[in-house]
Amino acid sequence: MPEDIKSVSIQAIVLAAGASSRFKTDRTKMAEKICGREMILYPTSILASLDIPILMVVGYQKNLVEEIVAREFKENISFIHQVEQRGTGHAIQCTRSAWKADDILIMNGDMPLVTTDIIQKLYKKHSTSDAVISFVTAHHCDPNAMYGRVIQADDNIQIIEAKELDGNLEEHCCINAGIYLLKRSFLEQFIDTLKVNKEGKEWYITDLVKIASDNKLKVETLSAAYDRIRGVNDFKELWAVEQIKKSEIIQYWMAQGVRFTIAHNVHIDWDVQIGKGSTIESGVQLTEGAKIGFDVTVGANSSLKNCSIGDRTSLRSHTVIHDSIVKNDCKIGPFSFIHGHSILENESIVGSFVEINRSSMGERSKARHNSYIGDTEVGKGAYLGAGLVTCNYDGFTKHKTTIKNNAFIGGNNTIVPPVTIHEYAMTAAGSTITQDVPTNAFAIARQHQINKEGYAKTIRERNEQQAQKKNSTLSSIFMGATKIDQSHEQL
Amino acid sequence: MPEDIKSVSIQAIVLAAGASSRFKTDRTKMAEKICGREMILYPTSILASLDIPILMVVGYQKNLVEEIVAREFKENISFIHQVEQRGTGHAIQCTRSAWKADDILIMNGDMPLVTTDIIQKLYKKHSTSDAVISFVTAHHCDPNAMYGRVIQADDNIQIIEAKELDGNLEEHCCINAGIYLLKRSFLEQFIDTLKVNKEGKEWYITDLVKIASDNKLKVETLSAAYDRIRGVNDFKELWAVEQIKKSEIIQYWMAQGVRFTIAHNVHIDWDVQIGKGSTIESGVQLTEGAKIGFDVTVGANSSLKNCSIGDRTSLRSHTVIHDSIVKNDCKIGPFSFIHGHSILENESIVGSFVEINRSSMGERSKARHNSYIGDTEVGKGAYLGAGLVTCNYDGFTKHKTTIKNNAFIGGNNTIVPPVTIHEYAMTAAGSTITQDVPTNAFAIARQHQINKEGYAKTIRERNEQQAQKKNSTLSSIFMGATKIDQSHEQL
Amino acid sequence: MPEDIKSVSIQAIVLAAGASSRFKTDRTKMAEKICGREMILYPTSILASLDIPILMVVGYQKNLVEEIVAREFKENISFIHQVEQRGTGHAIQCTRSAWKADDILIMNGDMPLVTTDIIQKLYKKHSTSDAVISFVTAHHCDPNAMYGRVIQADDNIQIIEAKELDGNLEEHCCINAGIYLLKRSFLEQFIDTLKVNKEGKEWYITDLVKIASDNKLKVETLSAAYDRIRGVNDFKELWAVEQIKKSEIIQYWMAQGVRFTIAHNVHIDWDVQIGKGSTIESGVQLTEGAKIGFDVTVGANSSLKNCSIGDRTSLRSHTVIHDSIVKNDCKIGPFSFIHGHSILENESIVGSFVEINRSSMGERSKARHNSYIGDTEVGKGAYLGAGLVTCNYDGFTKHKTTIKNNAFIGGNNTIVPPVTIHEYAMTAAGSTITQDVPTNAFAIARQHQINKEGYAKTIRERNEQQAQKKNSTLSSIFMGATKIDQSHEQL
């Protein structure tokens, strides 16, 4: 027996054609993401890591499934179309012309927690025992679980589908995981002897176990932990599987020196990276390959998606960063929103209620409060006062604002681009800047203040008279109550 | 025996008079909400669904309890006032004059997880066995749990209150759930034989079990799952019960095709509705009948209360929507706050740090950044630039802003209503709009920009001189440190 | 035997010198916080509450450990430097010159869940049995757990370190907790007989158990719950311990009349205080001694740090309050950020996207929408319109704004301090206020509106022509895609 599964003649058939009806959505479950990765990619990547070529049986939404798989796997994979969904036995028959290896591995596409270890152990047991069919079992005592039950008596072994089992499901806790390794010669000899099921609609691959057993051919089983072979047939099972996957990811990062304050409360994708010494607070979302450096704090209830956060940067609570780069030693949040491929250089500061969109901030630049900064390039050491609005969109085109090194933008400014505020320039608070401001210049674009003595009193007295009658009619001007009708029954 | 409980002569007494002292608040626990519904309404609705007329014994905060119940139940319910809290036996005695049916069902008001199934099974057992008293038991081995213990020996059965039991509570795991079905004739005959308890303060309904048993009258028990009959006597028990109820609600919606990314992390009320294909992300609050359409995404940490969200609408993280309607294909958030019976028509877009209050947005209208929009009616296809402030309140009266179809409001505008921006009108960035803008007109209300060459340098030099002395004194002007005194002991 | 441990001659050695290598960070684990308190302070405070003087053995990052401990404990504690980390036995030898009491208690510094009860019971068992060494054990069947195993056979008892145990760790579930009470006389007699371990690098205190046993000297054990004696060697163990501690804190507050809607979802520090009748919603962070009054609602996903919240105040969701005081009957949020030692007096209102920094708000004052209020003193009954920006920083110095009682600030105002708006003064919407406004005066600082008829149409037509070519080139001006390279392997 070859030691290494990679050197042997083996090929895999992955079953991914089913209609996913128990999900109640209009999508194939193969496309549902678990920790940010489509379900079908989990078994596929396990097989690929073992260099096992894959035949994937597709049917329902086959284009979508093929597209997802092809995104990650360019070779060693081919697709076979099962036009009608007539059971696992029928699916295997569809692949017949492609059988080449000595051993054929068959597994369901909806088993995201299977490890290479299980496949390797199954192969070892199969090859050392000279079995014609070897399959994975698990112990699981749930009468509602629709796994096939493994029934063993004397020398005979068979798998009976849950819905066809006579008797009490509760008493049958040995379940069929849905991973089989068969000799090709056996498969070729017996595949045509499969009989249609009771309903006359489906052929079951599982019947091959009884066929082998009845023919006194060797059948082997490998027992695996139920948590590793869980199938996913509805959103509840998806949730359970995702929690296990997530728990593994988080424990991995904990072991790398990352602190999670409420680990069960964090959403994390499979392709996220976190440096040691970092803290991930409660309620954080880390998705789509978010990359976090060393000694970073990600404050509670923040969301990071497809972004890179530099070392020692501090993200306070309620920070949202998408598709952007924040470098080292920055201070962001709370309530910052950075997106649109923005870049924040080292030591920049972005504060509360500030949105940065398609913009860059130079080193040590600051935008602390209530601002919208879009399509803007900010140099080093610039200070953007509270309430800044860059009017990057004129209804037709996006225009660019440039704020050079060490410029100072006064509070509540409105900038109408295209415009450049040059180095060391300043703008007066409350200004609307429509033209370039030269280096060292001071721009002002606001009206002088006039105080009308006693006039507030006049207004107040007038308003007080008018207020009473007006208030009594105003409430009916606007939209009426929107209390929604509830035909929903008590659960 | 009649097959259907609805056709028999039965009436229910619900005990809702207790003082809820272990909650430590000044409210009756009957008014505490579980998944958005007051506790007392759970058993009441179970009985009502079985057409069983209810006598409710009220005492502590009786007006509040009656008001809550009367909100949902107009008929088949009457209230009896137990003036002094002298035990369950005393409570039943208070209802004597209202006994009419052949069988009297008695249950506690603080059992929110009881199902119709338990009541129906109890009735079936009671009626087929000809018992004079039948009651529900459960297995629960917690010596700290203050349930009465069911003690059975030879032919005798009795319930002993936990605080009056001699011996080790740990050894008595059969508990009295607090649901009894009695023949009225038995009750009439023996109610007056109840004796006061050891402390001389209370009469226990549970003593009737021993009385029946001693008189060789038939007593029946029905065993139920502890999780279904849990009582609620403090906030810890309330939390446990609410988690179970919430779990049922979420599993119900999962089965309807709704994805929850971190289900245990979501708060959901009993009367919420969600369409299939929708995703509810982590940390979301769905309350007070929030209604969510098909294929909607509710982003992480959003709060939806008494609102309706249309199909395919996308709510990004940190979105708060209260008492409002958002229609189909809208894009909202992150950090949007929509409330005050606002209406957003199809395909409207509301972005970050935007508050919409008592306003409507027409189809395809956009308010993307940092704005306050109050008492405003926006037409179709309008664009509201970043930083818009509608000054709807003058200190006395609320005034209305009207923005017509396809109007374009420049960045950082201030609108002083009552004012109308007509169709296809535009306003210049930084303007304060105090008068109507006609169709196709361009309104401008801002000062021209003046650049003072070199003046920024002058200011900077002056400020640098002043800054040092000023900074050294400024910090003492404002409020001193507020570090709170900690007399709190370590837990 | 003295009844009270406080009256006996006992001293404690706390082991806090280890390198914390499994944490993978560059910090000593003794400084990691559990519910807001550094780990080393938990055992220290237990010993201090029993009046037991402490010798703390420090080594790795000793200055940091000493500093943390000295912050809470001024007396009855001294530090001994273990220069090289050569095992627990070696650590004890280092303390030799300081042994004074009749009994020496030894415990690890990384046991944050130990209670006074365990120490007292250990002392009682030790003193009544006349043992030379007594130690705490627990039942824990995890072969991966690196606790020493307690091996008992006939009269002999010994502790074998997990890594030195021959045979199957799974079969040895009696673990050594790491708390020992020894007679000083025994310690003095036998400490020098400890032998170096197999690797020749460390001496184990645990070998003293076998030495005592071999010498027929009395050894006692006290069995404790594993959850009480858990050690903390990595972030996963830290997480587990923190969840237990947090659960105790939350259950304590539940018993005091506080409702937690999703308790497992809340982060709470050991020194937080909450009044009865208050509700803590899901996803809330309560840290650094946050103090919350009666009947307060803390809305979902809010963060309160080192602050005081008055009675009946309502904090809506997404409220962040740091280092500030909010008094009674206030309404705050959603999306408010209050910090910088700000003070909000009774009945003040702060709304969405409002930041209050180093400022005070008088009674019944309101700042409802999208404002930055910094270094500002607001009187009673003042109204601050939406979009207010106080320009407290001129690039060099912070300046102070004063808004007196009953002043009314119009929408989208810019205030350039130092400036005072006097009582009953008003400012016009859209104004930039640079000078004081006298009592009852009305200040206006904005330009009149001009409507250019038909000009919006002209602009639109011009822009439509330009838009097409411009848009096609603009997208390449800004930063390209930032999709991060993923070399991260599948978990």
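Just so it is clear, A, B and C label the chains in written order, and each chain counts residues from 1 on its own.
One rule holds for everything that comes next: a residue touches a chain if its C-beta (ideal position, glycine included) is under 8 Å from a C-beta of that chain, and two chains touch if they have at least 3 such contacts.
What you see is a predicted model; the values in this text were computed from it and never measured.
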Chain A to chain C, fewest steps along touching chains: 1
Interface numbering overlap (same over half, different under half) for chain B and chain C: different
Chain centre separation (chain B, chain C; CA means) in Å: 30
Touching two or more other chains - residues of chain A: 264-265, 283, 301, 318, 335, 353, 370, 387, 395, 408, 412, 426, 446-447, 460
Residue numbers on chain C that touch chain A, as the complex places them: 23-27, 32, 234-236, 238-239, 242-243, 264-265, 267, 283, 285, 301, 303, 318, 320, 335, 337, 353, 355, 370-372, 374, 387, 389-391, 393, 395, 408, 412, 414, 416, 424-426, 431-435, 437-438, 440-447, 460, 463-464, 466-467, 470-471, 474, 477-484, 486, 488, 490-491
Chain C-facing residues of chain A, complex: 45, 49, 248-249, 251-252, 254-265, 270-273, 276-277, 281-283, 289-291, 299-301, 306-308, 316-318, 323-325, 334-335, 341-343, 351-353, 358-360, 369-370, 375, 383, 385-387, 394-398, 400, 408, 410-412, 426, 428-430, 446-460
